[in-house]
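Input: structures, listed below.
Two complexes follow with subunit A in common, the first pairing it with subunit B and the second with subunit C.
Let's turn to the complex of A and B:
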């Protein structure tokens, strides 16, 4: 394993490429690719990589990029791509198709604000807009988390108990373009971790002609949706298994569905995802040192939403503050109602939403501490709070 | 934790410097983080990059607001603003040729280090003075100041495969950086300016967008230039070729004709017989094929109406008092007379023959230049109120008389002296037509076309007269051979004429020179000698030399020999002691000034050059008589193909004139080429004109405006205006200007 100072995009490209290469003795790998800031360097990395068996196909749009992925995956290849922001929005029709076709495609989503007005900085609204597309969604907080989660994503997506596409998200620029030190895995390790190979059960086969996804009646469609729901419910257990195996191969343990810190005796807990969760760690640690019974949860798995994990971690907590770097107009933050629903049987727990860092606002420890202070003063929850941060 | 902020401009490598610094500490075993603030990363835009260094894992992901050290890459960013949040015990490291204490007033009490990174970088080939890439140089200075070793610095560079000038520059900076704590008390950091009101999308003003005066970032700006199109530059008549073609492209034949008539009164002639140096100069030939300018000129002349193009010709108007005599009505004389008449001089045109036109009438066969075209254009010229005296020979004595009855005299008598060769047949009887000058032959047969059926004609020469004589003889039924002492490549005749002659069955005998003509009882025999090409002569063409082998001499049977060996001026018209001078009147005369023009003054050998000479001589006469100078300012630089951006254009084949069938060509003097089709509203000619690149001249195509990513190019006065307050100097307008009108200039 090599420790390197690299950008998040480099790390993501490396992990995707090694995972693709690991399927060289099976049906190889493929993907369609179209560039968009801040994801472009991932595509460039993949196009430069010399795959033993497989190729990345440059196409004219994100919609076609996902179409190529679907074709490749139906052909049995290990399939992946990456996109961002309005690119994801344009890809959306085929994102849903890939989910409902149950193709184990892995896509890295580099979170960027949806325009207009045009903005290239981080905001999770782009990938969260695709939350109902029957994809798993995992949000990563660091370069190492990103690399490890991409490798886990292939294991979970391709597991016969799941067989669903998986999106791995990172913060635009704050992760994608920042140089951090990361343990980059070697090919042999990835080969060992993904040794089962990609096997799509409904892959197209000229010796057994079939139609995939033709017209169905309501009953069949409902059955299909129920199967997807069942598959989603298998994810936490499958993810846990994969993490255990990952630890065996790589010697470190990536975070699971959620990562809780100091929650055991906490009266107040903040929930955040991506890099904001890392900046929050320092703030919570300082408050702890000062004697506040405070903890935090890094929320990683968003689809399926790990309700039970939140219930367990937040049992008996008085105040929960949710930091949402995303916005559903007319509602509020998107993580907030998910967490509130998880805690529906804890009627005396306050679940307060904070919209913070939208459009890439620079989330400083000071701003987060002000949120903590606001939360500590609360006796009841209110409407989502728009927390202003520095320009 | 150590935190650093780097202030630089896009293109100087600030983000890479952050990575290099981080790498140097990473190799020391530290935890590091390096990142830039993105979005304004265009060249020249002010940007910040950040580095964090710690002994433990770094979890903060926000921008650095209280840096320990500040690094400034650009002189223009070296202001108190860089001290915002700076910790007084940290360093301020500047790219500057000044010593640190030069910044005592700006940064009192701070620890300041300076290095002339721009000079070091540029010396080592890293960027240019306008946009120096100073990051690797600054790394050396930063490393030294912060206590890294030179090995740490070069190791960081090696880690990212930076070598060569980068290593040298970083080492030089490491060794020469100057650092000290400045005198004075640490000043309070500057208060950042208060943010203005943020506008909403639905506000009256365009909402949401901060106004950033991005013009401050730039190191270069777009400017407009007008260049001379190569066709205009190459036209001996001085026509605005590009201008008339543009009018043609708009389907406006009369406007096209008007533009042509501004400079040349004979577009119908030029559109048929000009060798078209404009087409040789046309930039489009590098793309596919040159524009068919000659056919377009002919089309404008044939389809446009000169009296519509230029109104008021022949109507009564006020004449000047001065009078001008024009001697000779060839292209130079007609052109001079036309331009002088347009300038309101009373012109008398004197012609020896019974009809006007000179060599255009007597020397160019009708299958190239039909008489009605020539007559039509001459009539338009004469319609300007020119008095014509045909059948009037002017000799030396008459010329002197003219200088006493006119205010000025123009002599354009062309080339009256025909070169000959002694074939040893001096004893030929009068009326023997065996050997005849080609020009005399052409003049004779246009009046009295004699049948040459069954006769064998040899034409000696390789110019246009040789081709005209040969092709005319062919039409009269002869079997024709052209004997030329060099090869076809060196023939001075227009290429198409040679090609068409060969098509019509004329045999070219290259590298052959005639020696003598004799009769052997059966008929005439022309003895010739074979030639070979030697070293180039003064004209740049290979000098023909006689073969010395035994079989070098051979006989050719023939009935007629036509000589087309070239012509020269007959200067006997001029008084003793006078001298032809370019642009000035002749010397040695006592009366009114006498000017010479056309082939008589400078043997360029084309109708087009003679037209140009006639016009410029007319302007010289006008300047002498009135003091007014009509000559345009010196031409702009010529728009070469290197300034064009031809990705804009699509390939399209050149439209060609229809030609007469070969059978008709061999038998009749009907015009060979019938020009571009005028069918369907001249769609063919309009499309052909539309192929023009308009090299060096703006056509207001809007491409610069459409492609400007900032939307700060606006139409203005037939061109465009750039709002330099917002122009970042990206250069897209220049890169998208097809015609080389927009160029980028360094500030």
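Let's turn to the complex of A and C:
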């Protein structure tokens, strides 16, 4: 294991490439590559990497990048790509198709504000707009979390009990273009962790000709959706197993569906994802030093939404503040209703939404502390609060 | 197909004898039916991997869990068949599997929504046989204009008759300098099979355009389908030719120069061309112009010559 100072995009490209290379003894790996800021360096890394059995196809659009992944996955290969923002929106039709086809594609989504107006900075609205596409979604708060979660994503996506595509999200620029020291895995470790190899049971097979993805009646369609729901419900246990095995191979333990801190005795808990969770960690620590019974949850798994984990962690908590760096116009933040629904049997708990850092505004510790102060004063929940931050 | 289960899915089969089985949902007189049967024949038993985007061709399979196709088929999104085929072809190649990867798409998926994907796969010279069955209309949705619809044709979205000419997709594909592009007619079986086999035996991106009658959209009689497209060849409207490497042309069936009578034989039996609304003189001038171009190319850039 090499400890290196690398960017988030380098870390993601490295993890994807090693996972692809690990499938060289099975049917190889493939993916589509199309540039968009701020993920471009990932697909550049993949195009540079010399796979012993793999091909990264330089396509003409994100829509085709996902289509190449689908074709290669239907051929039985391990498949992956990366995209951002309007690229994800342009890709959307095939993102849904990959989910409904149940192809275990792994995609890194580098979160960037959807345009117009054009803005390259972080906002999770792009990946969250694809939440209903039958993909797992995992949000990462550091470069190490990113690398580890990408490797976990292949294990979980390709598990026969899941067999669904998986998106691993990171913050544009804040993660993608900054450098952190990372334990970069070696090929042998990834080979060991992904030793089973990718097998897509419904891949096109000349010895068993079937028509994949053709017409279905309502009854079969409903059954298909129900099977996807059942597969989603298998995810928390499969993810936990994968984390256990990850720890055995790599000697460190990545966060699971959620990471709860100081919630045991907390009256007030804030929830955040991606790098905002890291900023929040410092704010919560200072408040605890000052005697406030406060905790936090880093929300990592968004699909399937880990309702039970939230219920367990937030049982008896008086106030929950949700930090949403995303916006569903006409509703509010997108994490908020998910968490509120999880706590529907806790009628005494206030679940307050804060829209903060939209369009990439710099979310400082001071801004988060002001949100904490607002939350502590609340006796009932209200409409989402717009917390504007400078720059 | 040699064996099949009651579900219509086959087990332990590697030979593809009849690509399209009986009991499929094609309309009577659909050009796809002969096209698929002859495609199967030209493959000489080689099992293909087939990608079919949204179009009548995926309805042909029938509803899950049955299928009328004897080969593995992936139903792709409308614009994506060449990109899905790219992925399949890449994995086949890295696993030393030589099953031909074939896209079977309509004109909407080829000329319109899928043209960027098609162009990109052709530019990369992917190892794919792309076959467009061109019925000159969005047939699956009940008959709307596409950029393959000829001028003067009435559709539900060109209710006054289409005012634009049919797009020259062959010129577009030839401009990509792909190894092989050809036009095919189900009225000329020998020519059809020879071009399929030529495509089969080449590597890289191959594009085949089938003039495919659609009685529902053309408002024609199903039993006249083959004769209709024969008239299209005879009057010069649908030239049968091939282009090697985007540069070397060969005319494979040469009709007599166009006449109003020959054109009338084609258009008068289809109610999509309404009586009195078609400018026959203009159409004949267009046909003559197309043939002047093809004749120059076939003479000056002949497929019989080595590349200079």
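In the analysis below, the second predicted complex is superposed on the first by the 391 of 391 C-alpha atoms of A that agree within 3 Å, B and C clash if a C-alpha of one lies under 4 Å from a C-alpha of the other, contacts with A are read in each partner's own complex, and residues count from 1 in each chain.
FYI, a residue touches a chain if its C-beta (ideal position, glycine included) is under 8 Å from a C-beta of that chain, and two chains touch if they have at least 3 such contacts.
These numbers come from a predicted model, not from an experiment.
After superposition on subunit A, the partners subunit B and subunit C are seen to fit next to each other with no clash. By the touch criterion defined above, A:32 lies against subunit C but remains apart from subunit B after alignment on the C-alpha atoms of chain A.
Once chain A of one complex is fitted onto chain A of the other, the partner contacts of A:180 are limited to subunit B, with no touch recorded for subunit C. Legend: residue contacts after superposition of the two complexes on their common chain; A:5 is shown touching subunit B, with no touch to subunit C.
Look at A:275: by the touch rule set out above, it reaches subunit B but stays clear of subunit C. Contacts of A:365 after superposition on the shared chain: subunit B is touched, whereas subunit C is not. By the touch criterion stated above, A:63 is placed in contact with subunit C alone, subunit B being left untouched. The larger set of touched subunit A residues comes from C, when the choice is between subunit B and subunit C.
In the superposition on chain A, contact is made by A:77 with subunit C only, not with subunit B.
Between the C-alpha centres of subunit B and subunit C, as seen from that of subunit A in the superposed arrangement, lies an angle of 60 degrees, given as a multiple of 10.
In the superposition on chain A, A:121 makes contact with subunit B only, not with subunit C. Put simply, subunit B and subunit C get as close as 13 Å, counting only Cα atoms, in the superposed view.
Comparing which residues of subunit A touch subunit B with which touch subunit C, the overlap is empty.
Interface residues of subunit A facing subunit C in the complex, by the touch rule stated above, are 27-28, 30, 32, 53-55, 57-61, 63-64, 67-77, 79, 93-94, 97, 204-217, 220. Only residues 9-14, 16, 47, 49, 51, 58-59, 61-65, 67, 69-77, 79-80, 83-95, 97, 99, 116-117, 119-120, 124 of subunit C touch subunit A when the two sit together in their complex.
Within the complex formed with subunit A, the subunit B residues making contact are 18-19, 22-23, 26, 31-36, 38-39, 58-63, 65, 159, 195, 201, 208-209. Contact residues on subunit A toward subunit B in their complex (touch as defined above): 5, 38, 117, 120-121, 171, 173-175, 177-181, 275-276, 278-279, 281-282, 362-365, 390-391.
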